[in-house]
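Common to both upcoming complexes is chain A, partnered first by chain B, then by chain C.
After this line comes the complex of A and B, so read on.
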């Protein structure tokens, strides 16, 4: 950096920012794709998506610290997130749609309390660090984020492609028909409850994977990383991009995080205290959620027709 | 004994605040995730009146209820009524309510900061009561809560408004063809429900620290009370609130206090598993 001047120096200074935005966007895109499967395609109201994010991250890093090989830890993290999706689905998915919302949001808060208080297991509010990152011995540290970005984009593309295939499979069509009108698939002899459970499990497992990716990027996880607001980041991403559009979800993630890093620059210009800036961001998120649902439920990029069963 | 007293105090607050949640849930057929933040809003308005303007707490109580109800009416006119006109689905309304919850709570943080605060009232010694201590504030909470619940009972069973409200929460279409002006009754349901929630919020501020997230953490116990009591059943909700309040406090005898909050979650999940229509569903 020192010897460089002019545009090259400027570019060098901006590049890490861009890499960071893209990295976070890709993590949140994966996180939100999981929710989009549940809400966008199946119509399930999951308000505790962040819990599965946390389960994936914590399981993986703790197992790894206890000496479990990294690959196995990741698989365990993703599987456990999916398993908890299954557990939460059992009492709620036979009932009205709002019970899932209440139970999942309650679960995500209870889980955060456990992460905060069970210090013997989770190290409490101090968080967990010092775990292994994939290929950390091979990739030089100054290029590590670039490597992660390539890896994460590849994972994102893979998940996107598999979800697109799934949604055009008979299984995906059943999910969409459940979203439109549950009585139709059940009249055709489909076990609606079981399909919903599967959707919740798969969505939660995807959230778990996103949590693992977040942990590798941050090199640190703590209960504060998994506040309820993360769930609503995912909701905003989906609704911005257009419900039931996987492509829109990816675009939504990019928009949200570009906006957030923008507000970080602006925050240096406006005379607000840090808690006010944080609150202001949340007010924007909340208002956006309300206004989008009121006036443009199909999202900025979605088409109204896609809200209904079309393909 | 101490735990039972604490449980009764918290239980009456949960009961009082949850009635509105239950009534709106049944009448408008959606679960209002912003309900807890209306509770916190009321506590902050009372704090403002009491501390910044130096009024006594009775005035603050009245101002807080009026302000909260006014806010609720504005939201009804700006958000819920237009959405009903558009025939919005239940899920749309729920998502809007959670957006509203975020907005309300963060306005509180924006204005007052995230620190805990309390009313400016003299600290009075508690009385000895069968080996436990009960403070004047706790007595005030229980008495006020029960007085308001009794008032609600009178309103629902003896007045025309109350009957219209019950009819509407039973069956909207049937109520409409019997000539009930649904929009007006819905507005009154909001007024009464949020009025009770606001009263509960001010009382809650008497026995706990006032902070922006106080309503949020009350939301889960309220949901549990509503589900336990059977959605739309005010008496069941009161009983449910008491059960939740008592079991939360009694749990501290065996569990760390941090997990009080988890108790309502567990109770709720069990009820959903075995009797989703609510334990007290038969009361009405």
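After this line comes the complex of A and C, so read on.
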């Protein structure tokens, strides 16, 4: 229990925590926004979203270590993530929904094993560090995270605004119609397959960008950072916030990461060892998801009428 | 002038011969009715023509072979079909359902959303106006902002038809348009079909409501067990003993 005495010092102690929570929330909000485009708006059941997180991060840091200027490395990372979305989509988007889910998770795991085993390329389990970060020579070290926070929030706002504009456009309208029943837009002359590919590419590129931002924050990337659980973090975020609600996705990311970080304080109330705490967190999340599905499946900001899973 | 030609089209599902060698020709600007008992293969024939099923045989639309094309390409050639059980997009509003239909919307290309903002906005306004006119005709303007999932069965049927008209097709294939629609509105729809036919649109209509279909059609095709039983004007069909047999159950 932090006393009122020395409250100014207390604030200084908490501030880095808050910055950290907001930073990670922003990164995961961007990551989840990509998935929301694919699932919430287009109805694509992608369980391999973490693969593009990894492709964005690894491509950028490796290129940069090999001498490529940072800006180009970032562009390449995002573009390659989008391109892999395209490659994945071509054979898989004609599959039935549940098969798509299985194949995509397989894809992300295959990628992770490549990252683990191809040491000559990716440094395997040792991971990659020592790459440049934006403006690292200009911003003093103690303020760097604050700078990143401002930058990431700006990027988040830009992506949010773009996605909102897209979803209210005729292009977004076609996606929404595909989400529900693709025979209808097909019968009306829309090339459904091509729209699905576009959605997957854009969602993957956004995930790739999130990966780049994660790399800059952690200053280190390794295959362990990109396990399937990250995909499910994104799923939890979009379900919690309300699928097909971009606003909800951002709020969901904030809630999830505040919860993850906040459980540090719970340990004073709930006497658990740290390894038990991890399991305890997942239990709480599982319970939360169950309650959500039972009482408010549309999530916090979702609209009941637009629930993708209702039938 | 011929708009649609179907030559010896077949579709088998395992042992079931849903469509077993059908040949039909439809002239531009006419209404062709399609009747027959349940299971005769009428909807399967519609699926084959619109590309949702693939079988054998030749299908030519406006002079082009379409039997190998995917449904969306056939639709772009100017053919639209409605579904027997209406497929209203229930998670979108009634107006949005209609706005989906018109062809060549610039805003449907992702880059135009930013690069041609004004043009996209202008197009949106134009098609909104046209869509509202269509909604008004079908007397469902008051439902404009309702989610289509909240509509009654009959209203969904109307939405289905309204959406088909919004695409401005050359050939409209309607699957049981009068089922579940009250007689007053059915009469109005018949009038609209007549009006559109005057303007050059061609119709191919599956119906079980014999009085309605004989009133509106120029010619009627009768199907039974996957084959074309006979074809002729409504009067010829009405007095054809084979047709009566097939509808009343055959021998005995």
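In this section, the second predicted complex is superposed on the first by the 274 of 311 C-alpha atoms of A that agree within 3 Å, B and C clash if a C-alpha of one lies under 4 Å from a C-alpha of the other, contacts with A are read in each partner's own complex, and residues count from 1 in each chain.
Here, contacts are C-beta pairs under 8 Å (C-beta built on N, C-alpha and C of every residue); 3 or more make two chains touch, one makes a residue touch a chain.
As the structure is a computational prediction, the values presented were derived from the model and not from experiment.
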{"item": "First, second, both or neither for A:104, with chain B first and chain C second", "value": "neither"}
{"item": "Touch count on chain A, higher of chain B and chain C", "value": "B"}
{"item": "Contacts of A:187 with chain B and chain C, given as first, second, both or neither", "value": "second"}
{"item": "Contacts of A:176 with chain B and chain C, given as first, second, both or neither", "value": "second"}
{"item": "Which of chain B and chain C A:165 touches, first, second, both or neither", "value": "second"}
{"item": "Chain B and chain C contact sites that coincide on chain A, given as residue numbers", "value": "none"}
{"item": "Touch list for chain B against partner chain A, complex", "value": "30-31, 33, 79, 82-83, 90-92, 94-96, 98-103, 105-107, 109-110, 113-114, 220, 223, 227, 256, 258-259, 261-262, 264-265, 268-269, 272-273, 276"}
{"item": "For the chain A and chain B complex, residues of the former touching the latter", "value": "43, 45, 47, 90-92, 95, 97-99, 101-103, 105-107, 109-110, 113, 116-117, 229, 232, 235, 239, 275-276, 278-280, 282-283, 285-290, 293-294, 297"}
{"item": "Touching residues (chain side chain C, partner chain A) in the complex", "value": "50, 52, 70-73, 75-76, 80-81, 83, 87, 89-92, 96, 99-101, 103, 105-110, 112-114, 120, 124, 147, 149-150, 163, 167"}
{"item": "Chain C contact footprint on chain A (complex, rising order)", "value": "165-166, 169-171, 173-174, 176-177, 179-181, 183-192, 198, 202, 305-308"}
